[in-house]
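Please find one structure pasted underneath; my questions will follow.
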Amino acid sequence: MKRLGFLLLVFVMAGSVALFGADKEPIRIGMIASITGDAAEMGIEFMESVLVAVDLINSRGGIHGYPLSVSIVDGQSDPAAFALKAHRLIDNIKVIAGFGACDISFATAAGEVFQAKKTVFTDIAGTTPTIPLVGDYMFMTPIPDNDQGRAVAMYINDVLGYKKTTIFKDIASAYGTKLTEYYIHFLKEFSDDPNPVPLVVTYETFDEDFSPQLTRIKAQAEKLGLEAIVLPTWPRDAPTIAVQARALGIDLAFIGTDGVDTTALIDVGGDSVEGMVYATHYDPSIPGQPQICLDYVEEFRARYDYDPGAFGTMAYDSLMIMVEAVKAVIDEKGEAWWDSAGLADKRTATRDKVATMTFQWTSQAFSFTPEGWPRRALVWRVVENGERVFYDFQSYEDYTPEGVETLPFK
Amino acid sequence: MSTELLLELSEVTAGYGKMPVLHGVSIKCHRGEIVTLLGANGVGKTTTLRTILGQLKPRDGEIKFNGADITRLPPHKTAALGVAHSPEGRNIFGNLTVIENLRAGAHLLKTRKELKEHLDRVYSMFPRLKERRTQIAGSLSGGEQQMLAMGRALMSNPRLMLLDEPSLGLAPQLVKLVADTLTEVNRTGTSVLLVEQNARLALEISRYGYVMEKGAIALEGNAKELGANEQVKKVYLGIA
Amino acid sequence: MRVREGFTAVARYPIGIGLVVLVLFLLDRSLPGFWLTLFLLFGINTILAVSLNITNGWANLFSIGHGGIMLAGGYAAALFTLPVFFKVDIIGLHLPGWILNVQIPFLPALLLGGVVGSIVGILLALPALRLRGIYFILVTLGFNLIMVSIAENLPNYTNGAMGLRQFPLYTNVWWVWGIAFLVIYIALRLRKSYIGRAFIAIGRDQELAEHMGINLLKYKIYAFGLSTFFTAIGGILWVHLILNLFPNAFSLALVFHVVTMIVIGGMGSVSGAVIGAAIITGFTEVLAPIEEGFQVFGVQVPHLFGLTTLLLAVVLILILILRPQGIMGEGEFSLQGLRKRLSRSKAE
Amino acid sequence: MTYFIQQMLNGVCWGSILAMLGAGYTMTFGIIGLVNFAHGEIFMAGAFAAYFALHVAGLPFGVAAVLGILGAIAIGLLVERIAFRPVRGSGMITLFITSFAASIGIRTLFVMLFTDRAKPFSMPAFLKGAYLIGDLFIFKKTIAVVIVLVVVGALLMYLVKKTKTGIAMRAMSYDSETAQSMGINTEKIIIITFIIASALAGVAAIMWGVSYGRIRSSMGMMPVVDAFIASVIGGLGNVFGAIVGGLILGIGETLFVAYLPPELIGLRTLFVWIVLFIIIIVKPSGLFRANVK
């Protein structure tokens, strides 16, 4: 029913776009997301989020009066489809810039095409740090696994104070494996404990029954002195693990990472995730946010009846990066230039802005490192009374102090 | 002997794919009769039975059973009208036990009482089946499988029984048993359309006979007349 | 003997070959990126479908395990074509030096991957060939999942779920269609040869084939070895086009797509496999704008993502209902046949 | 020891669900020779029907369970109508492909309508909680799941072994044409088979929802492979075998995770398939003689 209403809304909204600003050529940006297939769970939130953000920008007069048009295409959770759609966005739809993907294989499949065609592309939710290695036109919006692994290890060690933790590692997902690896590496470094994660339990994407792993944790919890379970999982898994753990009488604390920050956490997790602290990228109550972002959150809530999570805000941020970069290009070179310049020039100019500027309309101000990683703060949220609320904040400088090993690869 | 018409095929043409097998076959079978269909291998005897049953849709012609048109009826509806079939090569359900085979044959019976009655009747005809009732049918000997196939066909208490080569590959004393059973069945009111290569036996127990050649009826007549026919004698009875 | 024209004609006449080369050259130069990539994927799918047809269509060894073969061949070739700095410095694979510190050109990598795929295929075939029907399907299905599991669980050699990147972009029109035509040519020649007829005989009736004196095991292994060789090469071409390799790259969905190609093209027909490859490759991509929402007379039709996949499923079922033998049946496309048909329709 | 029993209980719970799925899977295969890849989507549809009844309409659990089973039956009949009936008799491969196509089609349709987000499936109050014996948790839901399996399994065995319909099914699986000439309406039997198999998938879906607390549009994708394995372990076409096969698979997988070093848990797939290969090659008919086929 909600879905039907949503479709109607798209109709209405589309009508309003048709009426608006016919004299200026729209600025075209492309998004590739997996809206069907194995990764559809995340892709759908990207789409919802971008639809809201585009309306918001256009209702405020677009980018210097140019209407914004975002072409959303479906990567079908298949890298070959990502590559093909990237070609279509670039050649047929003639986008200025692109963004999308939720996993390194999808991100790089599309990114290689964008790179070859010298068009900037930012990855929405793939967090493997090697993603920007594709080239100088490739960026990533979320905090890469090495930084997040370090930040989480630091926070657990310094602030939350858990001495021994266990972790659920999804061996079939790049996100789960990489984050686990970095987390353990950094926790060893920070805690001076040779074995701060005495038990790593593994599972595979699409597993539904976690009770054998949890029973194992329960049996060894006391002996190993476990205090918390770290869940670097896909959105659907963390709440399920929590529900099954609580049912088994496991009362260890849960700590999540940015993959868990969706509405499914509360919907599925219910009481079991109460008090769960998790790292993510955004919370509406962090200070110093631009008005447009607050409006976006409000509109998103009104339209879909839940909070945008990490995936929604990352999609919003990725879009805003491009919008601001284009705006900055027009600011700098003037509308006359924009109207007359060739597509290749506009794309290069946009890329140069993305690489160098600090974004203000995104959910928090940030900029990219020369490698293409974001310098952005990590936000901690907690589940309280069935709501995801603000808990704490780690700025980029907090979790990347002078002299800390950044461990980019391996 | 009643002369009421039970089964009537008029000018039936049928075949597989583009190949016609039957060319205008007409057969009549009256109530209470045993009728024999003679012929060499591959002239269309089995095809005729399959067409009657509805396993094969005729291209032309008409089939009437008990006054009703059954030309295009699916097999299970033909069966429901009272036509039972004991197919060639036995075709018993090898995965079921003997009693389950019989119960499958009794699929159309409504009450347990009827089932019991018919089961007793079949057991009395073939005591061997009773001995083996919990055995898997696939493990029975050839003769027992033939008995089972006949018994299964009889379970539904049919008006007409289509029998395909019941004596094929059986020992002489079993052939005798089959013949006796058929006569017995016929006496209790079931008509029989018998397809048989053993023409001597067939003509012995039946009243009327047809001889098929190349998908058409070449000869017909009373069993006795047919038995006396020189050509039949030569070709089917092996009398020079 | 009936002379088959069509594909073989191309191979027979230098003019034909020249023409094909010219067409490929023009396509390579003129096609925009999207259509070129689609054309390349069509070529790769042609290789996959024609080689799968050898086992599934002719020898009736219905495999859905060719994804595992692609994975094996893909990783084998990838370890040699990846840049050394990526293997050593970026992901740090734990491989022997002679693999780690070399980067070889594409052709030897293709052959190597093909051979590895073939070896793995034959290893799979040995126990599986004793089985028939559904059990064979099940074993090959399991093989697919096993290969994924192995790739995931050997991070030192495969980089696990993170997969491999930074491939050189080797795949182009010449590689893909050169190999595709080679596979088609081999398949057509094979069909007329003793070996090919032995495959088909085994596929039709295994017992009969054995009575005819065909060594079942030998020819089944031939069929599997040949089919998996080219399947692995198809996988390697895919890897060096999409520039990605990870355990789930050749999932069951992809295998299913290839199986679908030969089924709707007509099991056992080489030209059918090519037609099937064209349909399945093109279908969702060409129709994609429908699901992405568009404007008609100022009215915006909304997004309906998934529509093309749904349509593909429907079309597939419809084809199988309306023409269960597939588009080509077991026959081949031939110019003569076409000419005959045309003249017949003119006469009518 | 407590650990072992606890893990066994986990395994039995998971195994019961696989057994229920496998039993339905094996029925369609045994009786009409269909390798039904869409069985997973029938299962998923059952879970969704129950979810909507329970969480959207707010109906009591019992009603939701019945609606879930009905939902599964509805999709099962749809699959029969679109992907099986029109191509009946065209060979296993064609059926295999149409059922796969139906599977993808239905899954995509559900993703389009309801997205692929995980949805909650809350346990009714009477199934919440556990009996505590020492350190051992015996969940009420596990008890319920096992009871359902035993009751449904027994009913199913009775149906297949003793009733007229069951005998007709088995006769038909052996020789459909001869069965028809006994007056068995094979069309009807096929429909009944689909209804029963889908109902079993529906029951499995409810068991699943209650046990694991979440459902998704693509939840049917992986379990259908497990159901396939379970039914092969038990001998394709054998209902009792599929139930035992499902339990073996569930317990085996669980114990694998329970006792091996965590680094090796990823090899579970490998382990399952190798065991299966051995079974297939040594005893292709599975552990039990087929009793449907």
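Each chain carries a letter (A, B, C and D) given by its place in the written order, and its residues are counted from 1.
Everything that follows uses one rule, which is that a contact is a pair of C-beta atoms (placed from the backbone, for glycine too) under 8 Å apart; a residue touches a chain by one contact, two chains touch by 3 or more.
If you're wondering where the values come from, they're calculated on a predicted model, not measured in any experiment.
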Comparing C-D with A-C, the one with more C-beta contacts is A-C
At the largest C-alpha centroid distance from chain A we find chain B
Judged by C-alpha centres, the chain sitting nearest the middle of the protein is D
Chain C to chain D, mean C-alpha position gap in Å, rounds to 33
Between the Cα centroids of chain B and chain C the separation in whole angstrom comes to 53
Rounded to the nearest Å, the gap between Cα centres of chain A and chain D is 36
Residue ranges of chain B touching at least 2 other chains are none
Where chain C touches two or more other chains at once, the residues are 152-153, 253, 305-306, 309
Residue ranges of chain D touching at least 2 other chains are 108, 111-112, 266, 268-269
A full list of chain pairs that touch reads A-C, A-D, B-D, C-D
So, in the complex, the side of chain D touching chain A is made of residues 3, 6-7, 10-11, 13-14, 108, 111-120, 122, 130, 137, 139, 208, 211-214, 216-219, 221-223, 253-255, 257-258, 262-263, 265-266, 268-269
Chain B residues touching chain D in their complex are 53, 55, 74-76, 78-80, 84-85, 87, 91, 93-96, 100-101, 103-105, 107-108, 152, 156
Listed in rising order, chain C residues that touch chain A in their complex are 32-34, 36-38, 41, 89-92, 152-153, 155, 160-163, 165-166, 169, 238, 241-244, 246-249, 253-254, 284-285, 288, 291-293, 295, 298-300, 302-303, 305-306, 309
The residues of chain C that touch chain D in their complex are 62, 127, 130-131, 133-135, 137-139, 141-143, 145-146, 148-150, 152-153, 253, 256, 259-260, 263, 267, 304-307, 309-310, 312-314, 316-317, 320-321, 324
In their shared complex, chain C is touched by residues of chain A numbered 7, 10-11, 14-15, 17-18, 35-38, 47, 71-74, 76, 78-81, 83-85, 87-88, 90-92, 104-105, 108-109, 112-113, 116-117, 128, 130, 133-134, 170-174, 176-178, 204, 409-410
